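Paired with subunit B in one complex and with subunit C in the other, subunit A is shared by the two complexes that follow.
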Partner chain A sequence: MNRPELVCPAGTPSAMRTAVEAGADAVYCGFQNATNARNFPGLNFTVPELEKSVRHAHNGGTKVLLAVNTFPPAGKVDLWKEAVDTGAKLGVDAFIVADIGVADYIAKNYPDIRLHLSVQAAASTPEAIKFYCREFNIKRVVLPRILTVPEIKTMADEIPCEIETFIFGNHGLMVEGRCSLTNYITGLSTNMDGVCSPAAQIQYIKDDSGNLTTKLGEFTIDCFSCDENAGYPTICKGRYLTPAHDGAYYAFEEPISLNLSTLLPDLMAAGVTALKIEGRQRSRAYVKSVVTAYRKAVDNIMAGHNPEISDLLALTEGQKETQGAFKSKAWR
Partner chain B sequence: MKPNLTIAPILFHWNAERKLEFYARIADEAPVDVVYLGEIICSKRTPFFENHYDEVAERLVRGGKTVVFSTLAEVMLKRERNMIAGFCDLEDFELEINDSSALWHLDDKSYRVGSLMNVYNEDTMAYLVAKGATHFTLPAELPRDSIAILAAHAKELGATTEVQVFGRVSLALSARCYHARAHGRIKDNCQFVCEEDMDGMPLNTLDGEEFLTVNGIQTLSHSYLNLLDDMDDMKEMGVTHFRLVPHTQDMVAVANIFREALDDTVSAEESSEKLTALDIPAPFSNGFWNGRPGHQWVGEV
Partner chain C sequence: MPPPPLFAIQPVLRRIVNRVATDNPDMFGRLGPHYNAHFVIDPVNLPFVLVLRPDPDDLLLDARQRNDIPPHDAKVSGSFLDLLMLVDGDLDGDALFFARDLTITGNTEAVVCLRNALDDIDGSIAENISDMFGPPGRAALGILRRAKQRNKSE
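Take a look at the complex of A and B:
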C-alpha cells in the first residue's frame, strides 16, 4: 500500500500555515477572484500572500496546489490565464483545473507543472478521465463525490493517473461543475463566478414564535423551529414541498457532512493516491483539528495500527455525518 | 444561412405512445429543421423507446428534418459506458454529446456538443473544433455578451451555434434520483414514478412559492425560458440554431410562433401575444440572457 498524500484546505494564509504545521502533505488554495470555486469574501490569497505562503509551505515540506477550477466565460479568459501565469511564477506544485481551455493553456505553456483535474470537471468515467489524460497530460483526477469504494477501485485499474478523493467535509450530491442553481436565484454563477449561495444574498428571518426562516435571494430555502439548528441556506440542502411527498422534506439531500474515517483503509487499498479534506471556507480551528486527526489516522494505518480517528462529529455540518456515496449506492 | 429551428431531446419520461404521437406531428406539421432524439437523462428509461428510433428517425427525415442523436448527460455505470461507445460508432446520423466520456471515443469523428457540456469560452470551443466538434448548443446560463463572442468565434472556426429559446432550463444534474426520493424510493427500485410528471415534478418553497422542477436526476427551472424577443439580436451576432425544449403544450404551435418570429413574417408583439395565449402554466424568464438571476423576466410582461 502506498502512503497517500493528505490534501488540506487553505482558505487563508493563516489556515495554510495551520495545515502545514498539522502535517498536511499538500494544501490547496486559490486567488481572491472568480478563478476558483470558493470565491467568497474574506477568503483566498493576494499575490504577495501566496508568494510568502508558498515559501513557507515548501520550507515545511508541503506542496501547494493552486485551484484555477472555474469556467472562464467568453470575454474574461485573460483573468484565468493571469492566475495561471502568476501561480507558475510563484512556484506552485500543481494546478487544479476544470475548463478544457484553461487545461490546454497550462499544458502548452507550463508543461513541467503538474495538472490535476478538478472535481468541477465532473469526469465520472474512465473514458472521460482518459480523454483529459491523453489531451492534457493530467497527472491526477479528483473524483466526484458520487462513486462507491468498489467503483473507485475499478476506476483505479482503468485510468493512467492518480486518484484523489474527498474524505471529509461538505457532502454534495449535485454533480459539481454542472450546477447553475445559484445563478438561477442570485445572478451569480458557481461555474463562472466561483460562487455557491453567496452570503450577500442570504437572510435569516426570525418570527414572533422564534422560528427562523432562511432565504437565498427572494426564495425561502428552509424554516427552523426554535429547537433546531439552522443550517446555512444552500439550495440543495433546503426543505421543500411537492404533491408526491407528505409535508416538507429535504428534496435533494440532508444537510450532513462526509466523514470517511472508517473507510480510510478501504480507500487506500483501492488505490487512492490522495485524500482530500474539504473546507476552504472553514476556520483555522477546523483545519487544525481535522488535519491533525487525519494525519494520525493515515500514519497509524501505514504502520499497521488501528486508525483511531478521534471524534470529528462536532466539526461536521449540522453535527450529522455520513459515509455518503462511498459506502454503497443505495442512496441514488 | 437561414436560421434553423430545432427540437431538443424530450427530457421527461413520456411513454412510447406519447413520444410516437409527438414525433409524428413534429415530422408532418412543425416548421423545424433539426430534431434531436435520444434519452439524455436516465439510462433506465431507454428500453421503453429503443425499438422506435428507426421508424421515428425515418419519418422525421421524410418530413425534411435533420435527425441528430443525443447522448446521456451523466455516464457512470458499465452499461451506460457501453451505450456511449455504441453511439459513438453510429454511422447514419450525427451525434450530439452531453458528457465528456464520449470525447474519448470520438477522436477522429465529427460531432455536435450539447448544452450540458461546459463550453463557456472561445479557447474551449477552439480546442473542441480541432477535435471534431462542428456545432455547439451553448450552456443556458451564459449571458448575452459571452454568447455574442462565442457565436462570432464559431463562425470564424467554421462551426455553428445553437441557443435554447423556449422551455424549462436544465439547472443541475445529480447522481441521485430526486423523483424516486420524493416517493420514498431510490433509483434502483424507482418504478418509473417520473412518468407521472410529464413536464417535471413541481418543487415549491415552504411558503408555497413555485420554485424548481424535478426530472429524475435533473433539476430544472420552474419558469419557462422565452427568448422570442431576443432572436433578432442573436441572428445578428451569428447564432445559427434556435432550440425549443419539448413540453406537453402544443409544440407545433410553439414552433410556428418561433418560426414566424425567426422569419420576420409577423411582428414581435404579435408573436409574444400568440405565445402568451398558449397558457403556459408557469411564468416566462430571460434572466440568464440578461446577466440577471435566471428566474427573472427582464422587460415588458
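Take a look at the complex of A and C:
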C-alpha cells in the first residue's frame, strides 16, 4: 500500500502555516478573486502572500496546489490566465482546474506543471476521466462524493491517473460545477463567481425564544429551534414547507459533514493516492484539529496500527457526520 | 444591581486595539469595504458589550453599558471565554455557530471579513496583550486559560 498524500485546505497564509505544521503533504489555496470556488470575503491570498506562503510550504516539504477551478464567463478568461501565469511564476506544484479552456491553456503553456481535475468538473466515469487525461494530460482526478469505495477501486483500475477523494468536510452531493441554486436566488454563480450563498445576502434572525431563522436573499433557508444544532445557510441544506410533505423537510440534503475516518484503510487499499480535507473557509483552529487527527490516522495505518482518529464531531455541520455514498448509496 | 463603571477599562481597551493594529497591519486588507463598520461584540455573560471599529486610521474599541448600545452594522454574541478562544485561534467560529454558541446578526459579510482578518493573525493575541500589562497581565491570562481548559474538557 502506498502512502497517500494528505491534501489540506488553506484559506489564509496563517491557515497554510498551520496546515504545514500539522503535517499536510499538500495544501490547496486560491487567489482573492472569482478564479476559485471559495471566493469568500476576506479569504484567500494576494500575490505577495502566496509568494511567501509557497516558499514557507516548500521549506516544510509541503506541496502547494493552486485552485483555478471555476468556469470563466465569455470575455473574462484573461483573469483565469493571469491567475495561472502568476501561479506558475510563484512555483506552485499543481493547478486544480475544472474548465476545459483553462486546462488547455495550462497544458499548452505550462506542460511541466501538474494538472489536477477539480471536483467541480464532476467527472465520475472512466470515459470522462480518460478524455481529460488524453486531451490535457491530467495527472489526478478529484472524484465527486457520489461513489462507493468498491466503485472507486474499479475506477482506479480503469483510469490512467491518480485519484483524490474527500475524506472530511462538506458532504457536497450536488452535481458539482453545475449547481445553479445560488444563482437562482442571488444572481451570483457558484461556478463562475466562486460564491455559494454570498455572505452579503445572508441574514440571521434570532427571535425572543432563541429560534434562529436563516435567510438567503428573500428566501428562508431554515428555522432552527433554540435547542437544535444549525447548518450553513445554503439552499441545498435548507428545510422547506411543501404541500407534498407534512411539516418542513430537507429537500436535498440535511446539514451534515463527511467523515471517512473509519473507511481510511479501505480507501487506501482501493488505490486512492490523495486524501482531501475540505474547508478553505474554515478557521486555522479547524485546520489544526482536522489535519493533526488525519495525519496521525494515516501514519498509524501505514505503520500497521489502528487509525484511532480523534473525535471531530464538534467541527461538523449540524454536529452530525456521515460516510455518505462512500459506504452505501442507500445512505439517505 | 447598578451597571459597573466602565471609565477605568476604556484606556486599557484603547491600548489593546492599538497594539493589535500595530502588530498586524496586514489584517486590515481582509476587511475590504467593511473597515469602518461598527461591530458590537457581546460577551453575553458579562454586564457590558464592546464596540469595535477596525478602521486603521480611526480605531475604536469601547466598552458600553447594555442600555447604551449605539447603532451598529453587526453584532457577534457568545460567552466571554468562547469569544476569547475564537479571537485567539483556539476555536472554530463555524463550529460554535453550528452548536448555537455563537450568534451573528446584522451585516454577515462584515462579520465574515472580520473573522478572516483576525484568523490570519499568527500566534496568540491574548498572550501579546497580556505581555503589555507585565506580570499581572500574564497572571490574569493564566487564570483565563485554566478556565478555558476546564471549558474544553467539559
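Details
By our rule, the second predicted complex is superposed on the first by the 328 of 332 C-alpha atoms of A that agree within 3 Å, B and C clash if a C-alpha of one lies under 4 Å from a C-alpha of the other, contacts with A are read in each partner's own complex, and residues count from 1 in each chain.
In this text, a residue touches a chain if its C-beta (ideal position, glycine included) is under 8 Å from a C-beta of that chain, and two chains touch if they have at least 3 such contacts.
It should be emphasised that the depicted structure is a prediction, and the values quoted were computed from it without experimental measurement.
After overlaying the two complexes on the shared chain, residue contacts for A:303 are found with neither subunit B nor subunit C. Counting the residues of subunit A touched by each of subunit B and subunit C gives the higher count for B.
Contacts of A:11 after superposition on the shared chain: subunit C is touched, whereas subunit B is not. Once the two complexes are laid over each other on the shared chain, residue contacts for A:184 go to subunit B alone; subunit C is not touched. Once the two complexes are laid over each other on the shared chain, residue contacts for A:173 go to subunit B alone; subunit C is not touched.
Touch criterion met: A:243 reaches subunit B, while subunit C stays clear of it.
When the two complexes are superposed on chain A, none of the residues of subunit A touches both subunit B and subunit C. On subunit A, the positions that touch subunit C within their shared complex are 11-15, 17, 40-43, 46, 198-200, 202-206, 212, 224, 226-232, 255, 281-286, 289, 314-319. Within the complex formed with subunit B, the subunit A residues making contact are 71-77, 98-102, 104-105, 121-128, 130-132, 134-135, 144, 146-147, 151, 173-175, 177-181, 183-187, 189, 191-192, 213, 217, 219-223, 235-236, 239-245, 248-249, 251-253, 325, 329-332. Interface of subunit B with subunit A (complex): residues 74-76, 80-81, 84-85, 99-105, 116, 118-128, 131, 139-143, 145-147, 149-150, 153, 169, 171-178, 181-184, 186-188, 193, 196, 201-209, 211-212, 214, 219, 221, 287-288, 291-295. Put simply, subunit C touches subunit A in their complex at residues 29-32, 34, 89-95, 97-100, 103-105, 107-109, 111-117, 119-122.
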